[in-house]
Amino acid sequence: MKYCQRCVYPEVAVNLILDDEGVCSACRVFEEFETLTGDFWAERNKRFDELIEQYRNKDQSNYDCIIPVSGGKDSYFITYMIKVIYKLNPLLVTYHGNNYLPEGQENLNTMRKSFGVDHLVFGPSIQTLVKLNRLCFKRMGDMNWHAHCGIETYPIQAAVKLKIPLIVWGETAWDVSGMHSPDDYVEFSAKSRLEHSMRGFDWYDMIDAEEGIEARDLLWARYPSDDEIESVGVRGIYIGNFFKWDPNWHAPKMRDEYGFQMARQPFERTYRMFSNLDDMHENGIHDYLKYIKFGYGRASDHASKDIRTGYMTREQGIEMVRRYDHVKPRRDLERWLQYVGMTEEEFDRIADTFRDPRVWRKDETGKWVKDNIWEDASEG
Amino acid sequence: MNRLIGIVDYGSGNVTSVVNAFEALGFSARLSRDWAELKESTHIVLPGVGAFGAGMDRLKGLDLIEKLEREVLEKGKPFLGICLGHQMLATLGLEFGEHEGLNWIQGRVEKIDTGRSQLRLPHIGWNHARVLQPEPLYRHMTESPCFYYVHSYHLVPEDPSWTSAVCDYGVMLTASIQKQNIFGVQFHPEKSQPEGLQLLKNFAELA
Amino acid sequence: MLKNRLIPCLLLRNGLIVQSKQFKRWQVLGNPTTAVRRLSVWASDELIYLDISPDAVYDLKRDDLNHPNRGSLAEIIRDVAKYCFMPLTFGGGIRTIEDIRVRLGAGADKVSLNTQAVLTPTFVTEAAETFGSQCVVLSIDAAINGENRHEVKIQRGKEWTGLDPVEWAVEGERRGAGEILLNSIDRDGAMKGFDIGLIRRVVEAVSIPVIAIGGAGKWEDLAAALSEGRASAVSAANIFHYTEQSVLNAKKYLFSQGFNVRDPKLLEDKFRDKSSVHDPTLAWTDKRKCIG
């Protein structure tokens, strides 16, 4: 297994390319960001100023935009930018997947008070969620598919129904793999939702006789048609394209000034304390399954980002990977097994069917093994 | 009526798209060079891209011409020629020398005259057709539907009443012909969304 | 009258669609077909699909997607053709007549020849005589050399040839090519506009249509390639992946500026709300790879 020479990503990391010098596409894009001067960001800020004015409602007859929020640190930051800095009137829209940690739920509840904004929260029936958790775990090794779908469908449905064309997203998440460069100015698209967030599965694939899921259980999951998108002029922008994104700075600011709570307990699979309070499984079993499939997890993601921004060295990053990537998270696993009614033995059996042969093999004793970055002879 | 679109595969060009188009429209389509498989068709389609002479040689080599003539000329089965398949309906083709065609539509296939217009050849891309005979192929579309063309030669029929649509490329080109149950289109309806697909639908729905 | 064409270009590298920057950097965009499905709905006039894989290894690099993992190029082309309702030109690594036959048989309408045409120019004629000139696109990659002149490069931009792109285009037409696809390597992915001078010189030298690619950063650049460059058609690989309904919006821009392009209208998505999981006649029935 080859690893990036600079960060800790393996070659199989999702959507990543290692170039001829052994540097990964995410590090290369980061290089592009690093050469950007203050002037660059000033230019970007100005571009945002001009864009946002096109959508500011002159007669206060409708919301200026929708902000899809989970109640996480990024939700706080985007709402801060839109409401406090730009003084727009956003409608916050939440897809509630029923996986909140208590502090995450409190963070969600606090938003309309901390910022003085209207907030629409939608949650599918718990029975439907339980069925989708089970079905998607078995079908694609991802119990959180419902959330990827809900988050990227419900706010767009709201935009069409309420005739609010602008949707403001936050982080340019493809930076994780270096899919796009700063100048690409990528916007939200149905293609990205279907292909990347939902792995090519959509609501109609989830109709299942065995689980008892019908079309009427999935109304929240239907993406609007191209005609609807065109007629309302729906457009999803990412403020990460216009403002330098640094959660190590903005998370503490949201905590200190807007009441955002960090995690009350450390996460089992990463060292960061402010991510994914809105979904306990994102850092937990969902991420553990990423490890089972591809041999790397959230600690690799966080360490790679922190190595690039200079918060830690590559050696420290490798140590994080060694310590956290393989950890089987007990707390949220226990919750999930009880939530969907599965045994751990069945969970392990199904999870193992997703081990990628490009990464995993069995040793003489029948144990799953793979190459590990801390054993990698080529790294200096 | 159980429709089966028989698409003749004589090794000329992209036939997959023709099959895909009919299937996307919900019709059963069968691609074959074997008469045993084609004879059950309710409709016959002759596609094709490339040189006239080579196309005719390949078609002759499959020993299908007489059988097609029986089904189409005698029994009146609906027939659609596309691009080269449309050109081969003529008496004579003039690309790379003189070659005999099927002679179901008396006329010649000549090079598009760009002497005065100085326009580029091949004629590649989307162009509007001016429909002279809306029934039956051009039902449910605008008066000047847009189709995709890729050719340097076009069929000039001896009887102008057989020309069902023309297209302007410096000179008037024959976009399509029809003579009773025989239809020919110079453009590629299978690649001309949405009006091309409507045309294929109109053809498939012929009784 | 014949319309100007707006043609998105997709680059396939070892089984994934990628962006390209100066032929040196690649960034993953996704699987071989989802983009095709969207581009069809946005009324693209044609699609150019180029295989720029350095070796014939095709792999999605993961097995948990609702998309088949095809190990061969012919299978990928067949999948692409299924979703591509506009004319499809396929290029990249075409060396023999049989290579062309395979691609046309899998669903391509035209093929694009590049390196092999330079190495054996008679190949262009052979292809035109076998399949017709209208099937043969001559793809020319040009870059500015040390003497500040344009020169043709082959092998995906790795080797200089000593050829002048204008002269090579003229010879290509003489040998039977039906169209020219002209790319500026320096402008590729730079989003700073097309090399208008180069395009214009090639357009004026040949009497076959010229498709210009390389440099689109905004819709105005596409317009310039048509109006100042006088190209018959304009293409782009990266920019159409950045925004929703991109091709449609580009066409709306051109239409509003008075260009002779097709009326910009959304087309029906024939695969909308259709499950490939439940309907085996649709797309994939791939079995997940399991080991152990």
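For reference, chains read A, B and C in written order, and residue numbers begin at 1 within each chain.
Everything below uses one rule, namely that contacts are C-beta pairs under 8 Å (C-beta built on N, C-alpha and C of every residue); 3 or more make two chains touch, one makes a residue touch a chain.
These numbers were taken from a predicted model, which means no experiment stands behind them.
Touching chain A and chain C at once is no chain at all. In terms of Cα centroid distance from the overall Cα mean, chain C ranks first. Note on chain placement: the centre of chain A and the centre of chain C lie 32 Å apart, centres being C-alpha means.
Centres computed as Cα averages put chain A at a distance of 52 Å from chain B.
Measuring from the averaged C-alpha position of chain B to that of chain C gives a distance of 27 Å.
Contact residues of chain B toward chain C in the complex are 13-14, 16-17, 20-21, 24, 49-51, 54, 119-128, 146, 148-152, 168-169, 188, 191, 193-194, 197.
If you check the complex, the residues on chain C that touch chain A are 18-19, 21, 25-31, 34-35, 38, 41, 61-67, 191, 217, 238, 241-245, 248, 266, 269, 272-278, 288-292. Across the complex, chain C is touched by residues 12, 14-17, 19, 25, 28-29, 140-142, 177-181, 183-191, 194-196, 199-202, 204-205, 207, 222, 225-227, 229-230, 234-236, 293-294, 352-358, 360-362, 368 of chain A.
Contacts from chain C toward chain B in the complex involve residues 1-5, 40, 43, 45, 78, 81-82, 85-88, 104-110, 129-135, 178-179, 207-209, 232-233, 262-263, 267-268, 270.
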